[in-house]
Every structure is written in structure tokens, then in C-alpha cells.
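See the structures that follow.
Next come two complexes built around subunit A: one with subunit B, the other with subunit C.
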Partner chain A sequence: MRPATIGYGLALAAALAVPAVGVYPVFMMKLLCFAMFACAFNLLLGFTGMLSFGHAAFFGAAAYATGWLATARGWGTLPALGAGVVVAATLGTAVGALAIRRRGIYFAMITMALAQLVYFVCLEAPFTGGENGLQGVPRGSLAGLVPLRSDVAMYYVVLGAFVGMYLLIRRIVHSPFGQVLKAIRENEARAVSLGYEIDRYKLLAFVLSATLSGFAGALKAVVLGFVTLSDVLQANSGEVILMTLLGGTGTFLGPAVGAGLVVTLQEYLSDLVGGWVTVIIGAVFVACVLLFRRGIVGELLALRARR
Partner chain B sequence: MPDDIILETRGLTKEFKGFVAVSDVDLVVRRGQIHALIGPNGAGKTTFFNLLTKFLAPTRGRILYAGADITDLKPAAVARRGLVRSFQMSAVFPHLTVIENVRVGLQRRVGTSFHFWRPAASLAVLDTRAHELLEAVGLAPYARMVAVELPYGRKRALEIATTLAADPALLLLDEPTQGMGHEDVDRVAELIRIAARERTVLMVEHNMNVVARIADTITVLQRGQVIAAGSYAEVARNPQVVEAYMGSSTAALGGAPA
Partner chain C sequence: MTTIFGYPLVVVLGQLVLGLVNGSFYALLSLGLAVIFGLMRVVNFAHGAFYALGAYAALVGLNVLGVGYWPALLLAPLVVGALGVVAERLLLRRLHGLDPLYGLLLTFGLALAIEGTLHQVFGSSGESYPVPEALRGVFNLGFMILPRYRAWVIVVSLVVCFGTWFVIERTRLGATLRAATENAPLLQAFGVNVPVLVAATYGGGVALAAFAGVLSAPVILVSSQMGSALVIVVFAVVVIGGMGSILGAVVSGLLLGLVEGFTKVIYPEASNIVVFVIMALVLIVRPHGLFGRE
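Right after this comes the complex of A and B.
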């Protein structure tokens, strides 16, 4: 068996055993949601080469849509999740269409400005609960078959969702479409000269990334049972960049590892050091950028390639 | 525009901040020919290619291709109509393998380039054709190598293979033999001749041996203007051309006689 296969097998076995060994499942679910968010974000940054500063808009808007439909409208869990994803896809199409015409820093600035707009809408709109956010989002059940009130049941659903998204992103990257994305990232002018309308490919990559980010946000709303402004805040957009860079852009597992690290630090340090947790995460980030530019997984892969 | 003319420019002009790089160029390329564009460095040859492929917008003038005015089209649209270029500066996809490079050229025609749910293995149908193209440019043994690791001359060969993969009706080559050794030059010249059986070629070329050997028609550009056009023998006799190349009207234009 290949070492990678063994590694995946061990990781999956460990993930399956989580509820049995007494790790707090809610924490693990939150971690997995952010891991999905980071993987979705990396589809754009790592595999398309576009740095968005506004991905919290998709994560947060989908979370709000799902949360509101499930509470105020009494929608079932799956339809509410689906609607959240549709909201993120629509928003992603609009933001992407405006942003992809620009490159580099201008692209980043447009995504940031539009995400700020989404934040203000969430702050002011009557259905988002303003500063309080939405509380008491019910978990409901999986199509009326599997009740999700128990943390263990919910955990396995989230784990399944994570594995599903991970495989989907791998497939996207290793698809005919992914091959064109790679070509565009390598040499845009050359791709154009071969007849590829690169804006269309970039837009599709943006929409896919936004849609999957929305799924992560919507699922997080269901898992934790609340949605707050912090989901849609600029800081959340920054955090997902940090997670991705920490773990390794353009690697499949890196963003998940980065998300795990950041969420774990936040969880355990905030009790100990309070507000200083941001400073510590910042310091870890700086250290990582200085010591291993490829991110944790990126460096490990490079090490293996050298041997 | 008669049927046997594939490309025609009318008064094509490009100015950069007052400097005229391409000046009022009327050029006619006939279907099925190998048409060489020659001229000293800085004559505006690459700029002219950039205008044809819409990488630059002309200041004035029109471009007619296969009976249609393409002056206002986007670069990718021009390429999809069959006007495909190579670049003077080697332009491969550096971290794709050699065969993947060629497949990018072939892939658009399969019609699955937006299919993000399909495995990349579905592109294996292109491998036969990709191998043929690599064989033709002598790169078959390097198919699995990452493009960035190829020596310069082989990168140029890969670029030609990728351009051919897009199956252009009009193939634009910007100095395809630049930086190549003798053997590679001969092979590429032969390859262009074979490729021209099914398509038209417009090429910028400095190697006069190659021009003399394979070009049907030659246009000479100097300071953005056409100073001569015709067969190799005609152009080589033109005193203005000889002057431009040799700095004196007595020396003969180098290269083998046509």
C-alpha cells in the first residue's frame, strides 16, 4: 500500500473514533466546518491563483439564509442547507463577475469591498437579528430519517460532508476543467492564444469556491445552532486566508490542517489568555511564513519529493 | 476578399505614445502558402503579430480574416476561428508535463473544458494525437518530463507542437527557430513545411536559409513599414532590402538561393 493510502486510512479511522475517545464533538464539528471553508477557499487561491479577501460573505450569507429559513420559516434541515448554498452561489456569481476582470491587488480589493457590503446588509437587515444574530437554529433531521439532535449523529454527518467536499475538490482539480485552470495559472497569455476565454474559467472557479464556502457556513449554522455577525465579518475572511497559508496553498490537505490548528488554538487558548489569542495566532502565522513558506503540508510534501 | 486570400490587413497601424511601431501595413496572405515576415530587430514584426491576434488593439486599420472583419474581436475568439500564434519568448506551461502542454492545445475541441465533475483521465482520448505531435517535433521521449526542465530549443519545439495541436487554419510563428541548434532548425523547418500542407503559415524568421528553403512569399518590414514583398529571388534583389540587411546595397542577401 502507498504511504498516502495508509495516511488517509489512519486519519479516517481517527476521525471515525473521535466520539468514542471523548473529544468534544461540537469542537470537532466546528473544526471540520472551517476545514471545509478553507479547502473551498483554497480551490480559488491555491488552484486558480486568485486571492479573495471577501470569502466570509459567502460563508456568512449562506449561514444566515439557512439559519433564518430553519428558524423563522420552519424549513427542514436539508432544504435550508440547500437554500443557503444557492444563496452563496448566486452571490458568488455576482461578486465574481465584478471581480475577475481585475488582477492581483485590485481583485482582492473588489472582493473585500463587496464583502463589506454584504456585512452591512447583514447588520441592518430585519431578518438577521442585528448584533444578536440568529439563535436557536434547530438541527432537525436528515430528510426526516436520521434525527441530528445527538452530537454523535451530527458529527458523522459533518464528517461525511467533509470527506465528500474533499473528494469533490480533488475531482475538480483533476478534471478537464482543472487542467485548463492549471494552464491559466501557469501562463495566461498562452491559454488565451490557444482560444480559452479565461474569464469564464475563472468565474466558474470563483463560483464553485463561493458555493462550497457557503455550504461550510450553512452547515456550521446547523451544527452550532446560531449565526452571528462574526461569520460574515472581514476578520473571518482574513482567518480563512491564514488557515490556508498556514497549512499550505495548493495542497489538498493543507487548508484542513491549517484550519485545525487555528480553531484548536482559538478554542484552548481563549480560556487561558483571552484576547491575546489573536496575537498568538498572528505570531504563529508570522513564524510559519518565515520558516516554511509552503505551509505545513506544503513543506512536508517538498521534503518527501526531495528524498 | 477573394477566396484564396486568408488574411488581409488594410492600413494597419500601431502607435506607442507617438512612436509608430507598425505603420500603414497592407499585407495579403494567400491560402496554403508559407509566408515569411522578415526585417531587422525592432522592425515591428512581433507587434504586427500582436495586432493580428488581438493582444494589442490597432491605432488604425482593419484586419480581414477568412472573409470577415476581425478587428474588434477578443484574442480568444480570434484563436477559436483558427488564427493561432506561438510566441517569440518561449511560452510553455512550465509545470505541466510535455504531453499535458500539448493536450491543453487539443483539449478545447473535446468540448469538456468546463466539465469539473469529469476525471482528467477522460482526456486520455487525446493521447494518441498528442503523441503524434510530439513525435513530429522530436519530443516523444520527453513526454512525461515537466516542461520547465527542457532545454531552450526543445521548449520552442514544444511550443510549436502545442500551437499545432490547436489545429489552426492560419498558423502564426514568431521566430520558431530562434536559439536552436542546426539539427533542430532543420527539423523545425521540415515540420513547418509539412504542417503547411493543410494550413497557411505566416512566420517571422531570421534564419535566411530557412526562409529561402520554405517560404513562398516574403514581406520585408523596416521601421514598421513594408519595404518589399514577393518571392525570395525578388526580395533578395531589392536594393532597399539589401541595404536594410547589410547596410550597403552591394552586398547580397545571405542564405541559399531559391
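Right after this comes the complex of A and C.
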């Protein structure tokens, strides 16, 4: 067996054993949701080379849509999740179509501004609960078959979703479509001269990334049972960038590793140092940009390639 | 009662003046961003954090050191500008020649660190700064009441913006700066110390943000988060105006402030988002911004 296969096998076995060894399952589920968010974000940043500074809009809007439908409208878990994903895809199409008109830092600033627009809509719209957010989102059941109230059942569903998304993103990147995305990342002008209509590819990459981010957000709403403004806040857009950057942009596993580190850091550090956690996150950001731009997984891969 | 578009004139004018005050802050901030971007190709996300630092410098000056408003207007930008020079030399310099996105990410981290520190040191409640003695009271213009401090903000911002424009477009120093924007290695070959010029430019842009911070301290609640939402609006202003142009930054800042004020009269719910909506419209019609070239 190849070492990579063994590594994946061990990681999966560890993940399956999590409820048995007594790690708090809600924490693990939150971690996995953010890992999905970061992997979805990486599809855009790592494999297409577009830095969106507004992905919280898709994560948050889908979370609000799912949460609202499940609480106020009494929708089942699966239809509510599906609707959340559709909302993220629609929003992603609108934001993406505007933002890809510019590149680089302008693209980043435009996504940020449009996400701020979404934030204000969520703040003032009548169905989002304003500052309080949505509380008591029911977990329901998986198509009426598997009740999700127990943390263990929910955990395995979330784990399955994560593995599914991970494989899907690998599939997308390794497809001919994914190769064109990488060509755009490496040299946009050359991709144009090869005859690709790059705007279409960029928009599709954006919409895919937004849709998958929305799925992560919608699932988080179901898992934790609440949606708040912090899901759609600009800080959340920043955190997903940090997760991806810290773990390794353009690597498959990096964003998940980064998400694990950042979520763990926030969870345990905030007990120790309180509000200083923001300062530490900021410092990690600066250190990441200055010292290891390839991220943890990226540096490890580079180390292995050098040997 | 005189009305305009069916709204009382006094209300409309009052909101327009408020809008112009906000627009003055947008203009000062986007001006600093444009100056920094022009030379360094760095989008300074930490601009809002330096704006907050300016306000806190004035506040600490008043409450701890007994330094009043007028000296603070000069000293706070100097102190914060010096911090900016340090940040450029220690951090930003290392990103020279890399993708500009790294500059955005680095300054984002810097903003988190600065705002987080301010929050830990000064708390989350926010503090108010008294209006200086000489600028209390109002002008009665007959058709409206104009608070003196607001008039002062508008006038002094215009003067500073024009002064900056003049320095960059009409003086020898400005010519050197513009030369560095065009071709830094060549300028270096002529014997100009370009790294010092870059550090000074970052310090200058940041000082403009701190100046806006001191100026805004008496009209808003000083808090660690006062710049974090503002900087996103200013980014939208910059996208609308086109980043390359100094004059474009100032004009679009003021105009958008006015539009925002007017929106507060006719449809208050939309006043928070009107700038972003305009940005979307501008992107559809003129993707490179109103004053941008490409």
C-alpha cells in the first residue's frame, strides 16, 4: 500500500472512533463544518487563484435560510438543507458575476463589499432575528429514517458529508474542468490564448465554491441548532482565509488541517486568554503570510519533494 | 414650510450636512489608501485600525497626558504615522515583489491584532471625546442650523485633501513619489533612497487615517471597532472611484457621503447598503471605476 493510502486509512479510522474515545462530538462536528467551509473556499483560492474576502455571505445566508425554514416553516432537515444550498448557489451566481469583472485585489475588495451588503440585509431583515439570530433549529431526521437528535448519529452524518465533499473537490480538481482552473491560476492570458472562455470557468468555480460553502453553513445551523450574525460577519470570511492559508492553499488536506487548528485554538485559547484570542489570530495571520506562505501541509509536501 | 421632493428642507439639508461629514471621513481615508496603493501596490486593510488608533491617541492624550484637541490633531497622526513606518519596515517590506494579495492578507492580520489589543486595553463600551471649546455651538444660517464642529470637519478635510493632492501633483517631492510609482529601480539609480520613500509614504497614508480618527472622535463614540466596518465602505468607495486617482478618491468619497445622507431621508433602511449597491451598479456600467483607467 502507498503511504498516502495508509495515512488516509488511519485518519478515517481515528475520525470514526471519535465518539468512542470521548472527544466532545459537538466540537468535532463544528470543526468538520468549518473544515468543509475551508475546503470549499480553497477550491476558489487554491485551485483557481481567486481570493474572495466575502465567503461568509454564502456560509451565513445558507445557514439563515436553512434555519428559518426548519424553525418558522417546519421544513424537514433534508429539504431545509437543500434550500439553504440553493440560496447560496443563487447568491454565489449574483456576487460572482459582478466580482469576476475585476481581478486580484479589486476582486477581493468587491467580494468583501458585497458580503457586507448581505450582512446588513441579515441584520435588518424581519426573518433573521436581528441581533439575537435564530435559536432552536431542530435537527429532525435524515429523510424520516435516521433521527439526528443523538450527537453520535449526527456526528457520523457530518463525517460522511465531509468525506463526500472532500472526494467531490478532489474529483473536480482532477477533472478537465479543474485543469482549466489551474491553467487560469497559473497564467490567465495564456488560458485565454488557448481559447478558453475564462469568465465562464471563473464564474462556475465561484458558484461551486459558494454552493459548497453554503452547504457547510447550512449543516452547521442544523448541527449547533442556532444561526447568529457572526456566521455572516466579515470576521468569518477572514477566518476561512486564515484556515486555508495556515493549512496550505492549493493542497487538498491543508484547509481541513487549518480549520482544525483555528477552531481548536479558538475553543481552548478563549478560556485561557479571553479576548486576546483575536490578537493571537491576527498574529498567526501575519506570521503565516511572512514565514510560511505555503501553509503547514504545503511546507511538508515541499519538504518531501526536496528529499 | 419649505419642502424638497416632498420632504422638509430642514431635514434634507441636515442629513446632507451629516452625509458630507461622513463623506469627509471617506475622502480622507480613501485618499490615504490611494496614496499607499499608488506607490506600494498594497491595499491597506489596517487603515480602519489606524483610524481607531488615531482616535484613541487623542483620547489618551486628553485623559492621561492632558494634551488637548488642537495639539492632538497634529501629534496623534505623527505618533500613529511613526507606528506605520515601523510596521512597514518590520513587516510589509518583506512582501516586496510578491503578489499584492499578500499585502492585503498581512494588513488584515495587522488590523485584527491592533483592534483586538485596543479592545482588551480600553474595553468594549466605547468612550466619548468632548467637542473642543472653540467649536461648540451652532451657526444659524437662516434656512438651517449648522453645528460649528460639523462645519469645521468639512472645511478642514477639504483643506487637507487639497493639500495632499497639491503635494503629490505639484511639488518636487510629489514628482519623486510619482516617479517611484512609475519606475522605482530607475529612480534608485538616480540616487533617491526609495525604501525610505516607501516607508514615509506608508507612514503618511496611515497618518491621514489617524488624522481622520482624531477629527471624528468628538462626533462618534470612540471604540476599537469604529474602523472595521468603515474600512469596508471605504474599499467600496475606492472601487467606485478607481484606485489609481487621488482626485477620484476624494470626489467619490464626498459624493457617496452625500448620497448616503440623502438615502437616510428617503429610505433610511437602505442607508447602510446604498454605497454597496452603487458599487455593484458601477461595476456593471464601468468596471474600472468612475475615475479609473485601464
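The rule is short, and it goes like this: the second predicted complex is superposed on the first by the 303 of 307 C-alpha atoms of A that agree within 3 Å, B and C clash if a C-alpha of one lies under 4 Å from a C-alpha of the other, contacts with A are read in each partner's own complex, and residues count from 1 in each chain.
FYI, a contact is a pair of C-beta atoms (placed from the backbone, for glycine too) under 8 Å apart; a residue touches a chain by one contact, two chains touch by 3 or more.
Because the structure is predicted, anything quoted here is derived from the model rather than measured.
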{"item": "Room on subunit A for both subunit B and subunit C (clash or fit)", "value": "fit"}
{"item": "Residue contacts on subunit A - larger count, subunit B or subunit C", "value": "C"}
{"item": "Which of subunit B and subunit C A:73 touches, first, second, both or neither", "value": "neither"}
{"item": "Touching partner for A:103 - first (subunit B), second (subunit C), both, neither", "value": "neither"}
{"item": "Contacts of A:198 with subunit B and subunit C, given as first, second, both or neither", "value": "first"}
{"item": "Vertex subunit A; arms to subunit B and subunit C (CA centroids, nearest 10 degrees)", "value": "80"}
{"item": "Touching partner for A:116 - first (subunit B), second (subunit C), both, neither", "value": "second"}
{"item": "Which of subunit B and subunit C A:290 touches, first, second, both or neither", "value": "second"}
{"item": "First, second, both or neither for A:304, with subunit B first and subunit C second", "value": "neither"}
{"item": "Which of subunit B and subunit C A:234 touches, first, second, both or neither", "value": "second"}
{"item": "Shortest CA-CA distance in Å separating subunit B from subunit C in the superposed model", "value": "12"}
{"item": "Touching both subunit C and subunit B, counted on subunit A across the two superposed complexes", "value": "none"}
{"item": "Contacting residues of subunit A [partner subunit C, same complex]", "value": "51, 53, 98, 101-102, 104-106, 108-110, 112-114, 116-117, 120-121, 123-124, 234, 238, 241-242, 245, 274-279, 281-286, 288-290, 293"}
{"item": "Complex contact set, residues of subunit A against subunit B", "value": "171-172, 174-180, 182-183, 186-187, 189-198, 200-201, 204, 208"}
{"item": "Interfacial residue positions of subunit C with respect to subunit A in the complex", "value": "43, 91, 94-95, 98-102, 104-106, 108-117, 119-120, 228-229, 232-233, 235-236, 238-239, 243, 269, 272-273, 275-277, 279-280, 283-284, 287-288"}
{"item": "In the complex with subunit A, residue positions of subunit B that touch it", "value": "53, 55, 74-77, 79-80, 84-85, 87, 91-96, 100, 103-105, 107-108, 110, 112-120, 122-123, 162-163, 166"}
